[in-house]
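Chains here go by letter, A, B and C, matching the order in which they are written, and residues are numbered from 1 within each.
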Amino acid sequence: MKRLLPLAAALVLIPTAPVHAQLFGGDTEARNQVFQLRQEVQGQIETTSRGQLELAMQNEQMRAELARLRGQIELLTNEVETLKQRQKDFYVDLDARLRRFESGAAGNASAAPASGDAAPAAPAAATAPPQAPAPAPAPASANTESADYQGALALLKNGKHKDAQTAFERFVARYPNGNFTAGAHFWAGNSALQARDVASANRHFKTVIDKYPKENVAPDAMLGLANSQQAMNDAAGARRTLQSLLERYPQSNAAQVARQRLNAR
Amino acid sequence: MIKTLHAFRPLHAFRLFLAGLLASLALGAHAQLSIEITGTGASRFPVIIPIFENEGRLPQSVTDVVRADLERSGLFTLIDTGPLPMPESVPPDLAAVRGRGADAVLTGSLIPMADGRYDVRFRLFDAHKQQELGAMSLPMSPAQNRLVGHRIADFVYEKLTGLPGYFATRIAYVIKSGPNFELQVADADGMNAATALRSREPIISPSWSPDGQRLAYVSFEQKKPIVYVHTLATGQRRVVANFKGSNSAPSWSPDGSQLAVVLTKDGQSQLYAIGADGSGVRRLAQSSGIDTEPFWGADGHIYFTSDRGGSPQIYRIPAGGGSAQRVSFEGNYNVSPRLSFDGKLLAFITRNAGRFQVAVQDVATRQTTILTDSARDESPSFAPNGRMILYATDTGGRGVLSAVSTDGRIRQRLTVQAADVREPAWGPQIR
Amino acid sequence: MKKLVLPALLALTLAACSSTGPENGAASVQDRGAGVATVTAGSASGSGIAALTDPNNILSKRSVFFDFDSFVIKQEARALVEAHARFLVQNPQMNMLVQGNTDERGSREYNLALGQKRADVVKQALMLLGAKESQIESVSLGEEKPRCEDRTENCYAENRRGDMLYTGEF
């Protein structure tokens, strides 16, 4: 079969040659030019095609790269959502622990200043101290910041209200822009209220409300402010604060407490 | 009843001849799956299932089937009380039952009927609470001993575990023997295996219709993947998707009217819905990557595998359309999603340190657990009660089927002598 | 009937004299082998076809191999794809089936999709190089028709490929 191939080729080629010769009247130059032109065009088409193939392959590589990036975004988005949820869980956990400690403290501090509203009830309603002890390893500076915060919280927990207030005030001076600063002001206010330093309590709660209105502790700080106003016998001011709390953070747990108190009066 | 079909290329005389010749050499329907229990539950119910009154009149036992089913589930320990029946009409001595260490006992009788059949009556008792848990009666012909046995086992299982049983269900799978492929259907215990389709080309991805009467699958008999729907009782087959390119991965809609399939007619592998009769193709999702392995969940979502994020991961879309949501996040190879019938658990295959293993995710919490320690697991499928997962794996280079409970404790292996078994699909519960 | 017989005869002849062409796995080879005994030579094969089976001709090579998890035609395979594209341009009566394959690891359905993607990449390349879309169909065999059945890296690489088959060869 292979042997037949050249023969067949010859058969096809032989008659064509004279036809060409007749057509072009033996003008070999023109014929060569056409042939040359055809070669050139053919070459150009092939080059273009190769270029297109190369582009297509590059396109595929880019598509794969884009997909990988998309995958990374999907992973990161999921991670952020998971972390948010975890942070929330930590808040709830810390809140539950503080609630336990505060109910104990309230028992001890029977001579607490505020009227029937029992000041400690305010922080007890807190949904969220701003940061929780993270079990994951954090950078060294964050570690000391967290440790200082923990130390101050421990003082408060042990009923050393004056010391806790001092510790939180030292904390906010040392970390004016730290991760726990809003929380430290909030707890400093609560410690001060317990230690009957109502003016300081007032100041700390106002700092939280003015500087950190978006922090989770802000609604509770308003509740704290109402408490200290009450302790200063400023019933009208306390009432205004509670109403403003309802307007600003209607969905918060603190607002629920405020609603109850306003209705009780 | 299942009719066996031979797949061949139409009008191709050679192939027709060869198919016939090879079919006669191929392994027959006698090849049974044998089941071996390789792990059991932590606490098992001790139960007494004595022989039924008059059972000796049957050529084949009923209570043997009940006992085997319960034993194999890994949730029960059977306490043998010898050959004495405990008739259904006589209240059992529950103190004596407790004395044997059993928590429950089943009493039963076969009452002969005028037409040669029997009325099978049985009662289940809790030996500790000293109360009857339920009673039933089923008519049976002597040849129906296995089916009736499975139904009784379902009854006992449901009364004692609170979950529906799965013994009276069927499974489908593909056997490869040399160059031959067979799509088989068997009872959940591996018995009564029957061949639905024989072919010399691969058969993959069987999927049960919700009514348990039909199988959709992919056959390569026309030298390319084409989706068929096959009515088991009649052997009637219908091509439902044969478009340009590949047609594959059928999954029934919960109402049985549609199939989710994967087509490449418009380019890459993408998801479409198509009528179960092959009518009305509509696109379900659009991506720049591969979308495949749709599973139409009872929760109204279609779960599927996609590499749009650079590696195959599991996503879901609402069946009525909407944006895709990624579901799997751990590892870089998560495929073959299957949702349990109650929509609570998602089973899939994950690549874990180079090994392909069955994993299960709690859909609500996203908590994921790897259930197996094998290396080549494929095609997970839930038992109708969502407690067991059937899957294909590999021992010594040969394909076998295995089942594992969703807590990973109970394990079973199903093998066929001298053949590769693969592509299992657990059928629905027919009530 | 004639229409059916001719490609079959062609296939038989091709299978009989081809040693390097791709095989559809054991099944189809047996079919052809069985057929060779009954059908004798003398079949008409066009002059262009011989080139497809001549081991010295690049056209006798039909497989484009891919890296793991990749869909890019590697530089070393470009000349082969170009040769087949040229053949298709010069022989517009010839049609081609591109079959995509994968190694056996992982999900069968996902592998079917990967095989389709490989087949599509080869088809696209042939079209960019001048072949007509109507000449080429791309399908996937996934992991179902492995050329090599060992569980080794070499074997897996052998199975990650697209095969180009002409009218009568599939």
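Going forward, a residue touches a chain if its C-beta (ideal position, glycine included) is under 8 Å from a C-beta of that chain, and two chains touch if they have at least 3 such contacts.
Computed from a prediction, not measured in an experiment: that's the story for all the values here.
Engineer: Which of line, ring, star, complete or other matches the graph of chains that touch?
Structural biologist: Contact pattern: complete, every chain touching every other.
Engineer: Two chains share more C-beta contact pairs than any other pair here; which two are they?
Structural biologist: The chain pair sharing the largest number of C-beta contacts is B-C.
Engineer: State, to the nearest whole Å, the distance from the C-alpha centre of chain B to the C-alpha centre of chain C.
Structural biologist: Chain centroid spacing, chain B to chain C, equals 37 Å.
Engineer: Between chain A and chain C, what is the gap in Å from one C-alpha centre to the other?
Structural biologist: Chain centres of chain A and chain C, defined by C-alpha means, are spaced 52 Å apart.
Engineer: Mind checking the centre-to-centre distance between chain A and chain B? Centres are C-alpha means, answer in whole Å.
Structural biologist: Once rounded, the distance between the two centres reads 44 Å.
Engineer: Which residues belonging to chain A are in contact with no fewer than two other chains?
Structural biologist: 64
Engineer: Where on chain A does chain C make contact in their complex?
Structural biologist: 1-2, 5, 8-9, 45-46, 49-50, 52-53, 56-57, 60-61, 64
Engineer: Mind listing the chain B positions that touch chain C in their complex?
Structural biologist: Going through chain B, the ones touching chain C are 11-12, 14-15, 18, 179, 200-202, 204-205, 218, 220, 223-225, 244-246, 248-249, 262, 264, 267-269, 290, 292-293, 305, 312, 333, 335-336, 349, 351, 356, 378-379, 423.
Engineer: Tell me, which parts of chain A touch chain B in their complex?
Structural biologist: 63-64, 66-72, 74-75, 78
Engineer: Residue numbers of chain C touching chain B in their complex, please.
Structural biologist: Touch list, chain C to chain B: 4, 8, 24, 26-27, 30-31, 34-35, 105-110, 112-114, 116-117, 120, 137-142, 144-145, 170.
Engineer: Sort out for me which residues of chain C touch chain A in the complex.
Structural biologist: Listed in rising order, the residues are 45, 47, 50, 54, 70-73, 78, 81-82, 85, 121, 124-125, 128-130.
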